[in-house]
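Following this line, the structures themselves.
One chain, subunit A, appears in both complexes that follow, with subunit B as partner in the first and subunit C in the second.
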Partner chain A sequence: MSITTELGRTGHQPPIAALYNRHIAPRARGARLKYYILVAPALLLSLSVVLVPAVLTAVAAFTDWNGVAASASWIGLDNFSSIFADGVFWTALANNIRWMVLFLTIPMAIGLGAAMLLLRRPRSRTGYQLIFLIPYVLAAITNALVWLNIMYSPIAGLVGFLRKQGINAPAPLANLQTALYAVAAVDMWHFWGFLTVVYLASLRQTPVDHIEAAHIEGASGMQLFRYVYFPSIRPTLQLMFVMITIFSFLSYDYVKLLTGGGPAHSTEVLSTYAYTFAFSTFQFGKAAAVGLIMSLFGLLPAILYTWLSRRDLQA
Partner chain B sequence: MLDHGRRFLTPLLLVLGLLTIAPAAVTAAPTAASRQPLSMWFWGAPPDHQMTMKRVLVDGFNASQDTYALQVEFRNSVDSDIQVALAANQGPDIVYGSGPAFVAPYAASSKLVSMDAYSQKYGWKDRILDPIYQSGTVGGKLYALPNSLNTLGIFYNKAVLRKYGSDVPKTIEDLEATMDKVKADGLYPSVTGNKGWRPVNENYASIFLTHMAGPQTVYGALTGKVPWTSPEIQAAVEKSADWYQKGYLGGSDYVNLNFADSMQLLADGKSPFFIGPTLAFQFATDFFNKDKGNVDDLGYTSFPTIGTGLASPLYTLGTTASLSINANSSNQDGAAQVIDYMMSQMFLENMTATWPGYWGVPLKSIDIDPSKYEGLSREYVIAISDMIKGVNGGNFGYFTATFFPPATQQEFINIDTVWEGTSSASDFLTRVDQTFKVELEKNMVPPIPAPKL
Partner chain C sequence: MSAGRSPIQSVAGHLVLLVLAATALLPLTLVAVNSLKPHSEVVRNPLALPTSLNFANYRAAWDFGHFGTGFTNSFMLTGTAVVVVLGCASLAGYVLAGKKIPAWPAVMLYFLIAVTVPIQLFLFPLYFAFAMLHLLGNVIAVGVVIAAINMPLSVFLMRTFFLKVPNELEDAALVDGANTYHVLRDVLLPIVSPGLLTVGVIVGLIAWNEFLISSTFLQGEGHFTATLGFLSMNGTFSTNQGVMMAGAMILIAPVVVIFVSVQRYFVEGFVSGAVKG
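And then the complex of A and B:
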């Protein structure tokens, strides 16, 4: 059966499609245009604040810009070859990878464990969350000074107290083997409370009827977690996995505040390595090159996350 | 109709309100607007030091003339703030920087004004110590004047030395013997550390370069005539590592102590010595003072020369900071006037009275009677006077933070790789040599004053 369109042509179109194309599609396109216009100010702001400096940084990575002069010379890949030939770069990269492994395991496990326990504390969980969040909301400088001068200090604080009791307590930041873990411990202490709150919110979204059904079926605690809670919070876990991976390659503040990358580069990370080039040696081009490398490591998990999310949507 | 009216009522009221406030805001502008503003950014000094600066510099300068109103901002991140501001052609009128190596790239990029004309007007060349004046030049033109001399020496606790029957050390052997004695008794051989500020390492690189490698060798290296891998320099780096590994630098707590902690331990009798820069006098005031009744327990002496063949005493020539004029300042004459105000004996005396350690103005001659000062200020004035005599006589070495180009300076901050055994002195200096050669080719080495040869 054919129908005649307004243009006098006949086509084999279902009636609904013709109605949609004639009456609804133009309005939908108009609505989309309105949405684009509404989003435009925020998008323009984001682009100008983020995209423009990002492009300039990417360009600077291929120049010998000193961060001060009005001009710079193009030097191609010289910054990158110089960085790759520097042992300190590989030390910093290895430290960032160690940092990532630490954060993907310890605070994730503590945060998830604490969230599971708080599930069973409907009345007191709010108070616990407040306490756990305190290190997260304090400024990094506050946390760092507490640990530097009170916990790790050999004069006062825990290390000093143990020494006064006759225990030869080592100073964790002074040892090349333990310094990175000592710094990471401070950042993990600051971060795990945030993970607890996020995981608890996600766990509470688990459909109650699934949980009840599992109880009726006689599921043990581990089975309940594995077959009911875990599938429910999987998207949150995925997101946190990706965010932690990205943040691990951007970590800076606690390293800078606690050790400055020392002793002897044992806590050097890519961000402190870049900072030294930018603000101490007037080699902004090299700093930009390190920044590009850091961005690459951040981009990979972001691409993975997008792929996984699309795959889940299609499923 | 009513809705239509209401829609315009709120904006109308807002506009009327703004129109009412605006004239009041304009007329509320302070009378200081009649003076031209001058700005300076300084590092984040402690509150009592900020008060001293406000009283002596800001209020003192403003009271001395009618044209300008000086304001000082205290910023913890002043170095990076300055870099970003100057790159954007903004920033304060008076540029506070870390020293000659910091100044050179800005001068080369026309971010700073040549001060030759002001030097002639105010007579700075005749007033300032020659090596210091020269260090502030780039391509023969003056771009910076350091605010204060800074050298390296030994702070000692007289009570602890008396307890162990030791004299003030005059030789390296005396110094090491006393440190061994107290170490055996559980004290720190000396207290110091780089907690929170890794560049503290530069003090201990510089002190051995001066007192062991010697001024002539380091001068040769800084002018490209002698390689950094020379045996004298390597021996100096190895000696610093030997000291670190023996615990002569803060025991095993070097990374857990800063200068304030160290001064506290020195005052508490936990060590006889703090080996470090004269700017540490500013930290000492909190722990050695009249209230604690120990102000006379602190002494200062120069670090001994190591080995034979070098002059004695020697002084590591350093400065705490540099003062320049922003090329984009609209009050360059005023900025120069402030700098001139700070390059005077009067300024040295007034600042040092309550803030010893940071204001040893690098004058060719000072006529100060130490007996006019009390406590630590007196010790500091004596230290600076002795240093000026030594520098005038050409007996000086080079502080890495003052005279080394930026990347080479950074390499010397990494001297802890040798101390911790992750790099040999030879490999470390090979890296230094390679880095220095690149900077020498790019003309990034500041003018190096020649010592007595």
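And then the complex of A and C:
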């Protein structure tokens, strides 16, 4: 299908007929070229920055490439077997799973609860929403350093102040048992406001006649939520569930900034583990293998996400 | 609606919301208060108000955090990301909304998959490509990368804004003899301008706050963004918390001011990606 013949075909059509046929006959193929050109910048940019390097990573995972050498040899599954033999990998994976469980429960519950409270307060909700979102719009670097210095620091921060008052508060980030939860707490502090706003917007889309009918029927608060609001916001809940699951296996910023994976790998997650291979020990093939494993953990929820979004494709 | 609720429930609800608001604001209040205090006062009691108003911490933080260079670089990076995203995503959104190419479902599916590709799956080869092209430290190039990463979601958002425009409008303009370029520029873009603002605000925020890619690709203080400059202060200035907190305020204040003044577009952007209308 060459473009020139298609352009020629358009030229043969009488102009008026072409105009009338716009909605009936499929548009001449030549005219489509113009639209392919319009979609090309977005598509090419994404292909060259995301897809091509992603495919390269998938290939490199089976090589011993160090990221600098011009050549690399195919080593099959060696990267994977040495990663699976490394205890740190399993610590990191377990931490990602803990992260997922924490984020699927605590911010989900607080976000939903706060949204339900705001739903009944049309006058004050704009103000609350604004306050709840402030941590969400600030940079990870800002939030992490604020918590590191003025909250968690055993010398200058709130923790240090509590210690001076005689309260035996452990340094949250230096303790093997608490470090991961202390890091997750900062990320959740930054994140839950987003969920509140999303849930509130979703709750407000519940059809008014359903709510009124439930009131007339004398439904209690719990019944109202269970039978009217919950079915209405279920697609949003599902989507958030899937997104949180995906992001739990990719989380990087707050871990890297607050602990760098320490102390003694106790906060190591897959992304910091991969990053160390790539940029500290220059084992690029291993970094790629970890990247591939992380993506596979994201793939399952991603398939679910695609399935949930199928309405977009049909729209 | 409050008829069915007892006053106790109502008060309890407000109490919960107030506690949540306090939790969100406590660390930031501590930053503001301690940014005006010398280190010794911060260490003695971070909860105490400053005894005098001293802005010397801000001057020191501005110099040592390289905020002059940092803000310039952040503006260039963010500006590049926003311009590239808006240009590409509005064109693609227009084509996909109008189903103007037969391959539109394939393009949609590709973007849907691209949303879920994690940064870690393409970061490492991209880094070595950047190294080979001598683009490490180039804030404009990093802006383009951030634009590319946010492209799929931006395309989807722009597409939904174009879907709301009645077809008749475009048809009428075409009948009047306008070409596609004029239809887009003079008819459609003004109508979808709230969409452009929403997408621009969200992508701008993401680019301004970005950490993983900028910290990997922008090494050396001449290439630091504002946030990376602040990060470079950490450690050195752990012994001067007043200056650290002033540095944090320099980053927090502008973002909060912008957020509060155009919050409608922020909220719309956060929600439109997550709530199916």
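We take it that the second predicted complex is superposed on the first by the 263 of 315 C-alpha atoms of A that agree within 3 Å, B and C clash if a C-alpha of one lies under 4 Å from a C-alpha of the other, contacts with A are read in each partner's own complex, and residues count from 1 in each chain.
The rule is short, and it goes like this: contacts are C-beta pairs under 8 Å (C-beta built on N, C-alpha and C of every residue); 3 or more make two chains touch, one makes a residue touch a chain.
None of the values given here were measured: they were computed from a predicted structure.
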Putting subunit B and subunit C on the same copy of subunit A, do they fit or clash? clash
Touching A:Leu257, do we find subunit B (first), subunit C (second), both, or neither? both
With the two complexes superposed on chain A, say which partner A:Ser295 touches: subunit B (first), subunit C (second), both, or neither. second
Given the touch rule stated above, what does A:Ser280 touch, subunit B (first), subunit C (second), both, or neither? first
Of the two partner chains, subunit B (first) and subunit C (second), which one does A:Leu158 touch, if any: first, second, both, or neither? second
After superposition on the shared chain, which partner residues are touched by A:Ser232: those of subunit B (first), subunit C (second), both, or neither? neither
Looking at A:Gly67 after the superposition, I want to know if it touches subunit B, subunit C, both of them or none. Which is it: first, second, both, neither? both
Touch test for A:Thr178: subunit B only (first), subunit C only (second), both, or neither? neither
Report the partner of subunit A that touches more of its residues: subunit B or subunit C. C
One more residue to check, A:Thr206. First (subunit B), second (subunit C), both or neither? neither
Dual-contact residues of subunit A, meaning touching subunit B and subunit C, are 67-68, 148, 153, 155, 257, 279
Subunit B residues touching subunit A - in the complex, by the definition given at the top: 79-80, 83, 86-87, 105-106, 108-109, 111, 194-198, 252-257, 261, 264-265, 406-407, 409-410, 414, 416-417, 419-420, 422-423, 444
Show which residues of subunit A lie in contact with subunit C when the two form their complex. 19, 22, 27, 32, 34-36, 38-39, 41-43, 45-46, 48-54, 56-58, 60, 67-68, 110, 113-114, 117-118, 120-121, 124, 128-143, 145-151, 153, 155-158, 160-161, 189, 193-194, 197-198, 201-202, 205, 215, 221, 235-236, 239-240, 243, 246, 249-250, 252-253, 256-257, 270-271, 274-275, 278-279, 284, 287-288, 290-292, 294-295, 298-299, 302, 305-306, 309, 311-313, 315
Mind listing the subunit C positions that touch subunit A in their complex? 1-2, 4-5, 13-14, 16-17, 20-21, 23-25, 27-28, 30-31, 34, 39, 42-43, 45-47, 84, 87-89, 91-92, 94-96, 100-102, 105, 107-129, 144-145, 147-149, 151-152, 155-156, 163, 171, 174-175, 180, 205, 208-209, 211-212, 216, 227-228, 230-231, 234, 238, 241, 244-245, 248, 251-252, 255-256, 259-260, 263, 266-267, 270-271, 274-277
For the subunit A and subunit B complex, residues of the former touching the latter: 66-70, 148, 152-155, 159, 171, 173-174, 176, 179, 257, 259-266, 276, 279-283
